[in-house]
Every structure is written in C-alpha cells, then in structure tokens.
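Just below is one structure, and these are the notes that go with it.
We just call them A, B, C and D in the order they show up, numbering each chain from 1.
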Amino acid sequence: MTGFLSDNVSGIHPEIMDALRKENSGYRKPYGNDEQSARLDVAFSELFDTEVVVLPCATGTAANSLALSLMAGPINSICVHEKSHVYIDECNAPEFFCGGARLSPLPGANGKIAETSLAKVIGVIGDVHAPQPSAISITQTTEVGTVYSIAEIEAISGFARSHDFKVHMDGARFANAVATLDCHPADLTWRAGIDALSFGATKNGCMAAEAVVLFDKTLIETAHHRQKRAGQLLSKQRFLATQLLAYLHDDLWLRNARHANHKISELAEMLGSIEGVELPVQIESNMIFAKFTAGQNAKLEKAGLAGYLFDSGEMRICCSWATTDDDIQQFVRCIKDDHT
Amino acid sequence: MTGFLSDNVSGIHPEIMDALRKENSGYRKPYGNDEQSARLDVAFSELFDTEVVVLPCATGTAANSLALSLMAGPINSICVHEKSHVYIDECNAPEFFCGGARLSPLPGANGKIAETSLAKVIGVIGDVHAPQPSAISITQTTEVGTVYSIAEIEAISGFARSHDFKVHMDGARFANAVATLDCHPADLTWRAGIDALSFGATKNGCMAAEAVVLFDKTLIETAHHRQKRAGQLLSKQRFLATQLLAYLHDDLWLRNARHANHKISELAEMLGSIEGVELPVQIESNMIFAKFTAGQNAKLEKAGLAGYLFDSGEMRICCSWATTDDDIQQFVRCIKDDHT
Amino acid sequence: MTGFLSDNVSGIHPEIMDALRKENSGYRKPYGNDEQSARLDVAFSELFDTEVVVLPCATGTAANSLALSLMAGPINSICVHEKSHVYIDECNAPEFFCGGARLSPLPGANGKIAETSLAKVIGVIGDVHAPQPSAISITQTTEVGTVYSIAEIEAISGFARSHDFKVHMDGARFANAVATLDCHPADLTWRAGIDALSFGATKNGCMAAEAVVLFDKTLIETAHHRQKRAGQLLSKQRFLATQLLAYLHDDLWLRNARHANHKISELAEMLGSIEGVELPVQIESNMIFAKFTAGQNAKLEKAGLAGYLFDSGEMRICCSWATTDDDIQQFVRCIKDDHT
Amino acid sequence: MTGFLSDNVSGIHPEIMDALRKENSGYRKPYGNDEQSARLDVAFSELFDTEVVVLPCATGTAANSLALSLMAGPINSICVHEKSHVYIDECNAPEFFCGGARLSPLPGANGKIAETSLAKVIGVIGDVHAPQPSAISITQTTEVGTVYSIAEIEAISGFARSHDFKVHMDGARFANAVATLDCHPADLTWRAGIDALSFGATKNGCMAAEAVVLFDKTLIETAHHRQKRAGQLLSKQRFLATQLLAYLHDDLWLRNARHANHKISELAEMLGSIEGVELPVQIESNMIFAKFTAGQNAKLEKAGLAGYLFDSGEMRICCSWATTDDDIQQFVRCIKDDHT
C-alpha cells in the first residue's frame, strides 16, 4: 500500500529515530522524572512564547480526552462539531475521561462550528434539567482539511469567555494549520483564546507522541493524576519526551508540515488537468477531498492508492512528511491510465 | 544515577531497537491493520500454546485496567492484594476503566493473597447491598519479589471458578517468574486457570509495550472498543507490535529475565558477606528487599545507587536486562566503603 | 397557581393516599422484603399478561436511566429522539447510569424517531472507532403529545431486533397513550417488541413512584444491584410498592389517564371557538401545543394559568387526573376576557 | 414480624402522615419550585443556627453518595471506617456518584476511624501514582451504635483541615446521637468542622426522606445538577419537603430519637437480669449489640423478633420511634420463656 490513506500511514522521521537512538543508553528515572521530560515544559513554553504545562500522551484520543476532562465534568456538555474526531472517531473516550459529560454535536460549514449553532446552546445555562455547557472543542486543521482563521478562533473563544466556557483545540494536524497560515503558534492558540491544545506529533513524524499543552493554569490542578489514572504516564517517558523534543528541534514539526502541505498542492495541480476529477476550490492543509469517476476510484482501490471514500462520493487524499515525488507520480499515473 | 531503583530505569534492548529501525520504512495501514499487528495473535498463541487474543497497550496501568474492565463492571468488586500495584500505584485507573468497580484489598504474606482472606469475600454474594465479587487479580512476580507457585495459582483459580469469578494476572514481571520457575508460560497462566494476563514488556527491554493476553474468549466481546475508548489503540500500532514481536523473537523476553534474575543473585551473594546487610532468605526474581545500615543507606543515596526505601527500613533493589557487572561492582564498593 | 403547567403539578390521588394510610401500621421488613413489594411482580405480570420483573424507582429520570443502563454500556450509543426527555431534561443521568454511553440524537416529525434517521446509525456497526449502537429509546406518549401507533413501534423494534439492539420505552405518560389507543398494555409493549418500559405513575396520581418493567429476562442480571447502587432501593419500599399497587388497583391508572385525556379535549373544544387561538389538528393524549395571541399569553401568565411557552410560540397545556371543570372554565374565561 | 430488626421497619409517624394529607390539595410547581421546598433551606438554617443549603433525597445511599461526590472526584480517595455503611452496604454507590473515587477502609475501635489510621493516609499526598485523599466520612451514630463525642469529631476535622480534606457525616441516625449527647445540632456538625451532613429522617419517622445539608458553601456549585443527574430531584418534591418540615416541626426528630433511645435502654435493663444475655457496657443510641444463648437466638428467630446476627455471635437490636411497651414486653417474654 502507499501513503495517501492518511498521514498516519507514514513511519518515524529519521531525525526522531536518531534522537531515540541517542537517548537509548544508561539509566533514567522513570515516570517523567528524567532529564528529557524535564525539558518538555521549557521547550513548549519557548515554542508558544508563554509558560505552559505539557502532558505527553501516547495517542491523540487520549490527549483530546484528557484535555477535555480538565474542562468538563459529569454535569457538563462540550460543544463540538458534528463531524469532529472527538465526536465521530473516539468511541466515547471523551465521555469516558470526562466522567459522562455530553458532547453536543453542532453543525457548521467547512468542518467549523457555526456561531449560530453555539448561540442556541446557551439557552440551557442555569437549567437544572440540562447538562451545563462548559467547553468548546474545535479542530485545527479541521476534519475536512480546512483551517480556522485567527479571527474565527477569536470569535469562538470570545463567545466562550463571555459564558465562562473553556476552549480546547484538537491539533492533531496543528502543524499543517500553522504552515498554511504562516503565523506564530501562539497566535493560533493562547493569544486567540485557546485554553488547552492537543498538539499532534504522531501523524507528522513521531512514532507515538502527542502533547496536551495547557495554557490556562487553572486546568493543571488534577491534570497529572488524571494522566496517570488514564494509563498515559509512561514508565520510560524519556522516550516519549525525546520524540517530542526532536519534533520541536530545529522546527522539524513545521518543516514536515510544510512538506506535506506542499505535496498535496503539487498533487492537486497535476490532478487538475485530468478529466473527471473534481477538486476543492481551495487547499488549506495536507489533505483534499476530491471526486473521481467510478473508474478512477476502482483503479485507485486496486492499486492500493485510495483514500477514505465517503458517502458523498468524495475521497479524502492525504500527504504526509514522508510523501515523495514518486508517490505522487504513481497516484497521477494510476488515475490517468486509460488501459487498466 | 544507576540502575537499581527499578527495572524500568533501563532503556530499549538493542534487538528491539533494531527491529524498530527495520520496520521504519514505507507505509502501513493505521490502527492495527498492519502486518506486524496481524502477527501478534499468532505469535502469542504460539508462545502460550493456545489460541489467544492480544490487546497491545502503551503502559502497564492501562493493560491491567483494560483487562480488569473485561471482568468487573460497576456493581462488582475485584479481590486484590493490599500491596498490589493495581491497588497502590495506579491512581484509581482500575476503578476508572471498570466504571466504578471496587478493588477489595486483601492481606496475605509474601505479597500473595491469602486463601483465608478470599474465603471471607464470598459472604456477600447475592447481597443486594454489597458490590458483587467477580474477579481476582494476582501479581506474578509479586510486588515484593516473590513468585506464586503453579499450585498456588491453581488454588486461587479453583476458588475463583467455583464462585464464577475470573482471574487476572498482572504480569509486569511475568518473564522473571517464568525464568525462576523454569516452566512453560502456559503452565503459569491458562493451564493454571488464568483468564487474562497483562504480559509486561516495558520493564524487560521494550520502550513502551505491554500486551493484554486474553485466554478466555468470553472476554473479547467489548475488548477492542474498550481499548480504543481508553486511548490505547495507537495509530502507528505497527511499532508497538514490532516491539512485542522482537521481544518474543528468539526468546528475548526470557533471556532478558534470566539475566536480570541472575544479576540480582550475584549482587546478593556479594552483599551477603558485608556486615550490616540483611538479605531475604530466598531470591525468587529480579529484585530483593534488603536492609542496610543507616550509614549504608546514606552512601547509596549519595551515590545515586539507592532503591526505594520503605517504612519498614527495607530497600528494594532491582536488576534488569541491562544490569552490568560494573553496575554490581559499583554497588558493592559503595556499601563496603568505610571511609565515605 | 393552577394546573395546566404540567401533569406533575397535581397531588396524590385519594385512592393512593388511602392505600398509604392503610399500609401505615405495624412493622415490615425493609428494602423490598415486605409483602407489598412482593406483590409488585405479580401485579405487573397480570397487567401485562406476561411474566415481568419490576424495579420501583422514586423518579422518572432514575427509571429511564436505570432501564437504559441494562441495555447500553460505556462503549455503546443509544438512539433517542433529539427532543426526548432523556436527551433534553435529565442532565446527563442516562450517560451517568450507563457509564458514559452516548445518546445519539435523531430527528423525526411529531416527536417520533424517523426510520430514515435510524438507518444512518448502523453504518458504524463493527467500527472500532465509533461507539456501538445497542439500544433505541422511544417516548410514549411523546414529548409533543403524540402517540406512536402499534405499527410504528413494531417498525422500530423490528429494525432494532435485526441489529441486535434492545428497545426501551419511556412511558412517563404511558397511561395516556393506552387510554388514547384503547388497547391492551401488552400490545403497546412486549408484543410490539419493547424490552423494558419506564411505567410512569407520579404524573398520573402517585406521590413519587415509577416502575421499570423488564420484559426481556436477559436484562435482569445486574438490575437489582444497579438499582441499589443508584440509591433507588428504598428502605421503606413498602410505601413505594403501595402506591404502585393502588395505582394499578381497579384500573386507577387508566381511569386517571382517561380523565386527563378527556379534559384536554373538552378544553380544546372550548378554545376552538375563541379568536386568535391555534390548536393542533389532532389531540392524542393529555396535552396540546396551542398558539395564543400575545395578549392571551400575557393574561394566562398573569393569572398563573400558563403552560410552558416554547421558542416556536406554542404553549404546552396539560391536563391531569386532577383537572376539574372549574379549572377549565377558569382557563377559558381568562382567554376570552377582553377587558384585562 | 416485629420491630427490632432495624429502625427502618417502622412506618410513617402520624404527624408526618398528617402533614402529607394537609399538603395534598391544589396544584404546585414541580421540581422543588413549590412553597414547601422553598422553606427547606430556611428551616434547616434555623435548626443549625447557620446558613445552609439542603438537597432532599429519597434514600440515605443517595444522600451519602451525593454529598461525597461534592468532596471527592475520580482521582481522589475518601477515608471511611472499614465497617461503615458507605463502604459495606451501598453497593458501590459512592464510587458511582464520585466518578470512580476510592473509599479507603480504615480500622478503628467502636466503629470510629482511629486517628492513627488516618495518619497513614497522608503519606501519599502529592504522589502521582496514588489517588489523593480529599475527604473523610464518619458515621454518627456509628454502625455499631456508638457516638462520636464532639472532641472526637473535632480531632478528625482538625486533621482534615490541616490537609485540606473535607469532612462528611453520615447522619442516618444523627437524631439519636443528638439525643444521647444532648447538645445543639450545630455543635455536632459545622461548629465541630463538618462540611456536609446526610441528615437522616426515614429511619426516624419519615416515609422516604433524607437531607444533604451543606455547611460549606464551596460544595454547592455543582450540587443541584448532580442531584438531578442522580435521579434525586423529585417532580412532586413538595411531598418530600413536607415530610422533612414536619420532621423538624416542634422537634419531632428529637422527640422520636429520644423515644427510641429510651426504649432500647428500657429493654437492656430488663434483659440485664436474664441469664445468658451479654450486654454492652454502655448504650449510646437506639441500638445495642447483645449476645444471647443459642436457644435464645432460636426463640427470637422463631418469634420473628430477631435482629441481624453477626459472625461474632452478636445480635443487633434496634428500637425506633414506633417501639411500644408491648413490643418490649414481647421481646423479654420470648427470651425468658424456658418452655419454647
């Protein structure tokens, strides 16, 4: 198979593998009491230009759910997009970590929560019969490959703050959004009102590493115990920290994201001239949702090159840090080929 | 620091690191739909000489809690030793995964649940006011470095079966017990009545890999969804599977455990002749609980060689797959040295 | 205030009060081991013409949530109408009792789950990333005062059975539906494929009494312990049982429901001739959603006669077992009065 | 059967029944928005001579669990006596309401938590691997019929405060303790450092009514939503409030408790002169644990007069507000009778 199904079909970036190899000698204190782990808060604080606390996790589902559990308890509800990963693809993990909080699915074009739908949520504030909204979770890059602008994030977080909600960002593809918007990561997060970020790293070059980045200090109180309780405090955490540090080092995270974003643009450009292919108007990240003919779909499937095919008839195509020119040529040839 | 604090202060065994390096090329389907993951059930079924289902996890706490959640629901209680890791060191993770089940702490010498204490538990069966016992969890190797004999396990599982309880084994140091007893792993598990095993690998050479091994097929029903819900289904699971396969390959798991067990024996033998040192009568695994003089404790502490010091005055000393002759010489020299 | 706000603004029916008075002498075993409690299963089995197990509860929220917890666990989802009481008005109680299961809100006209919306749910069956649907909950009488026909229930339960889902009926106003359809209660429940019913009694004459009626025997296993765990096993349960038995005695439950249904029809008839009043085409239970002029709304509000006013501009008007001719005259006079 | 099994075998006190009868007319707003409910906070604030918030509940298990859920979350542990009702008799309800918190069972003579056992708990404070103690729950009157003195409560609450724990009192038999100590209820509660009290009423004359009394204002925040979520917000709450108000009126709660305490003393005095009967040195409430001969046990059993017989050979004998001279005569005659 080849690599357009998702960005998590890629392996470990050589720089990260190299860092793991270097860290692998001698003895270190377990459970995060090692030197690498000690550097995490510092490194992320530098990256985000503010003091943060970081909770490294093994999966994005754990990172999202852990972050949300700091914002919403059992009597609360969390505003999410109806197509968001936390709602669709995490098998009740947020509900689990939050002790039975509800995710309220809200509509909105382009994978973004519509402000009008948020406005409807506040009618229940104070009503003892209804779970009380306490948080909003947005995904950046969204599940449909679009990107919230800073202004859009500020509009949501402004609404949130006016009702005393917290705001979480599922940043499984945060790097791709930063690459697209070409802004400082702080501008997309705490400066725009984000309280906690799931900073994704696995899809973009790590083996298994995500970081919950807490901007809001009030969220820290139970955070480390909740991390432990969730089975997300690794005994040899030094290797998780090592991945994350190598990922930040010399802007590897951004370099990788730029590569992935660039490759999808290249691919789209080549596809644009092929008959039967319908492309989105705009590309905002490392994925596109394209429509192919039935014959093209079949060829891609047969060649192991297909992405997820949705009921809408659209196929999601992802590039990653690992996508090569050869990969792209292979994809284009497959589509073009009239004789299969 | 040096490596007697615990076995998880060690790094990644070179054979496992090598396997990771080899696996790191090309694209693979995510979430366990890769070739390495597909081999897990087969490899563990061979190892245990029976058909099993395996749930790979990133931490031992997750593995234990996930396994227990298949055996005990919210109205149940689980019999555990009062000093067990699940009771003392997992910050309510079992209660979390089991939806609020209770862990009933039972006493027993040598870190093993006393049969007499089990007998008291069954008085509440059928009582609507009491949580209903549904499982027993034992630790092999125990937290105090002892090992349950096959007969002892059978006695517990026989009791369990007669009351329709399931039996879980926390095998964070399962390999060390197999090395000590020099028996087939099947004899210590399903043939002795174990329904699910947390097969530890991290402490004994992996980076972050544990495997829930399900012997009892009735436990499978919700297992994979619970794994996902707990944030323990890794997107690049191939690297978790790779660690576990390398760990099993050519009996690395046993070789490592034998090494660790052997090293602690060597250390104990050398310590035996040093004045002021009190050693256990018998060594059954890769750790001992020894008593040193206050002066010796202080010297070990200063040299960064100390293990955990318990209220009892005993210090736990662990060896691992990585312990070298030099490490041992250093420890002995530190204790012996009269002039520090 | 007067009694059109809801049917639960009424008090205790004299026959039930009388039964409580009679039961109030002597000593009885606690926690349901009394004679009245012992008669519950028998009485409900007779009523439903099949062997059932009954769990008496103090509130409808508890009854619904307890019933649902027998059908859906933490990895599951429950199909509910997006305007249902369990989704809107129970403050995450179903999620709480079910250990973090999800309620999936489905659309549908007239307060009834649309079959087309159910069909979309099954796409995730077997997907490890998605909570697995395991139950459907319908409300009879619905929250908008309509009634599912037997055929409609059968269609839903047929769908459910074909996918191995269970079906729950929130029957807070079950009596009103039976009165309207004039059928045997069995025809509306187990004969139509219902597995568990929340049989409402509080709104229709009791003080605080609801009964979870289990038709499906496989649901019983953990039921009594879950009832206890939820704080719903009353020590003096005899008085809860007494209410329910008096409620069934001599068809009081049906007599009360018929009265309430009849009264709302009388009221509607009188309102029909008043200018500015918009009534529903059909009345199917003991409540209507009517539209009044702004002036009429204000007068009703001032007189303490108003029902809940919805964003749609509709006001919900309820009658109960206690509604009198005087109450109705008063309402009509208030609306008619031009000089307020 | 007769009334020594427990105090909850009694019925509803006539004054409370009368109050229910009087309240049963007209219409009232549901869910606690009625006049009786509105008087609860006032009435309890007067009783306790300080401003309190009251959450009425249908059962003691719900009251205890709801109160504890305001003091302990999923990463916490609660110090309880190993024989306490919350630990032994509530089928994981506290764990349920607290989202998986742990109850840590502590020993102590006379049903009271020993201070020495509390001291051991604090060793884990700050340890990320251990659930963090956040509350202590004591039972007043204890499960073995003893009573904490004010000084004993202050010692525990002083310890609690120095570690930032909250203190809960399970007062299912609070009235009996107040009657014994002949003190102001404030002296036994908030003045002695209690943050929340489960004020029992069912055993001592009500039908089904308990009140969570919150002295600590910081506990209120999520309290009402948690009450609703637990299915403990009754739609016709006026009748629950009516019971509680009648129970407080004219000190009925104290009159009833004094009667029950007095009756057990009378019974004990009569039993004291009967051969084979072993009585406790001191009687502190409305119950005693006595030892009878095997023959006496059998006669009591046969006559339906027996209390709970414990493994220790002791039988618990309870009196209640309803115990009559005849009841006592009957008991004494049964024991005395040589010819049965």
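The definition used in the following text is that a residue touches a chain if its C-beta (ideal position, glycine included) is under 8 Å from a C-beta of that chain, and two chains touch if they have at least 3 such contacts.
These numbers were taken from a predicted model, which means no experiment stands behind them.
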Result of counting contacting C-beta pairs for B-D and B-C, higher pair: B-D
Remotest chain, subunit C as reference, centres from CA atoms: B
Between subunit C and subunit D, centroid-to-centroid distance (C-alpha), Å: 33
Geometric centre distance via CA averages, subunit D-subunit B, whole Å: 42
Centre-to-centre distance between subunit C and subunit B (centres being mean Cα positions), rounded to whole Å: 51
For subunit D, residues that touch 2 or more chains besides their own: 74-75, 90-92, 96, 99-100, 128-129, 131, 225, 228-229, 233
Residues of subunit A defined as touching subunit B within the complex: 1-3, 5-6, 8-12, 17, 20-21, 23-30, 57-63, 65-66, 90-93, 96-97, 202-203, 207-208, 225, 228-236, 239-240, 322
Touching residues (chain side subunit B, partner subunit C) in the complex: 31, 73-75, 99-100, 128-129, 131-132, 222, 224-229, 233
In the complex with subunit B, residue positions of subunit D that touch it: 74-77, 88-92, 95-96, 99-103, 105, 128-131
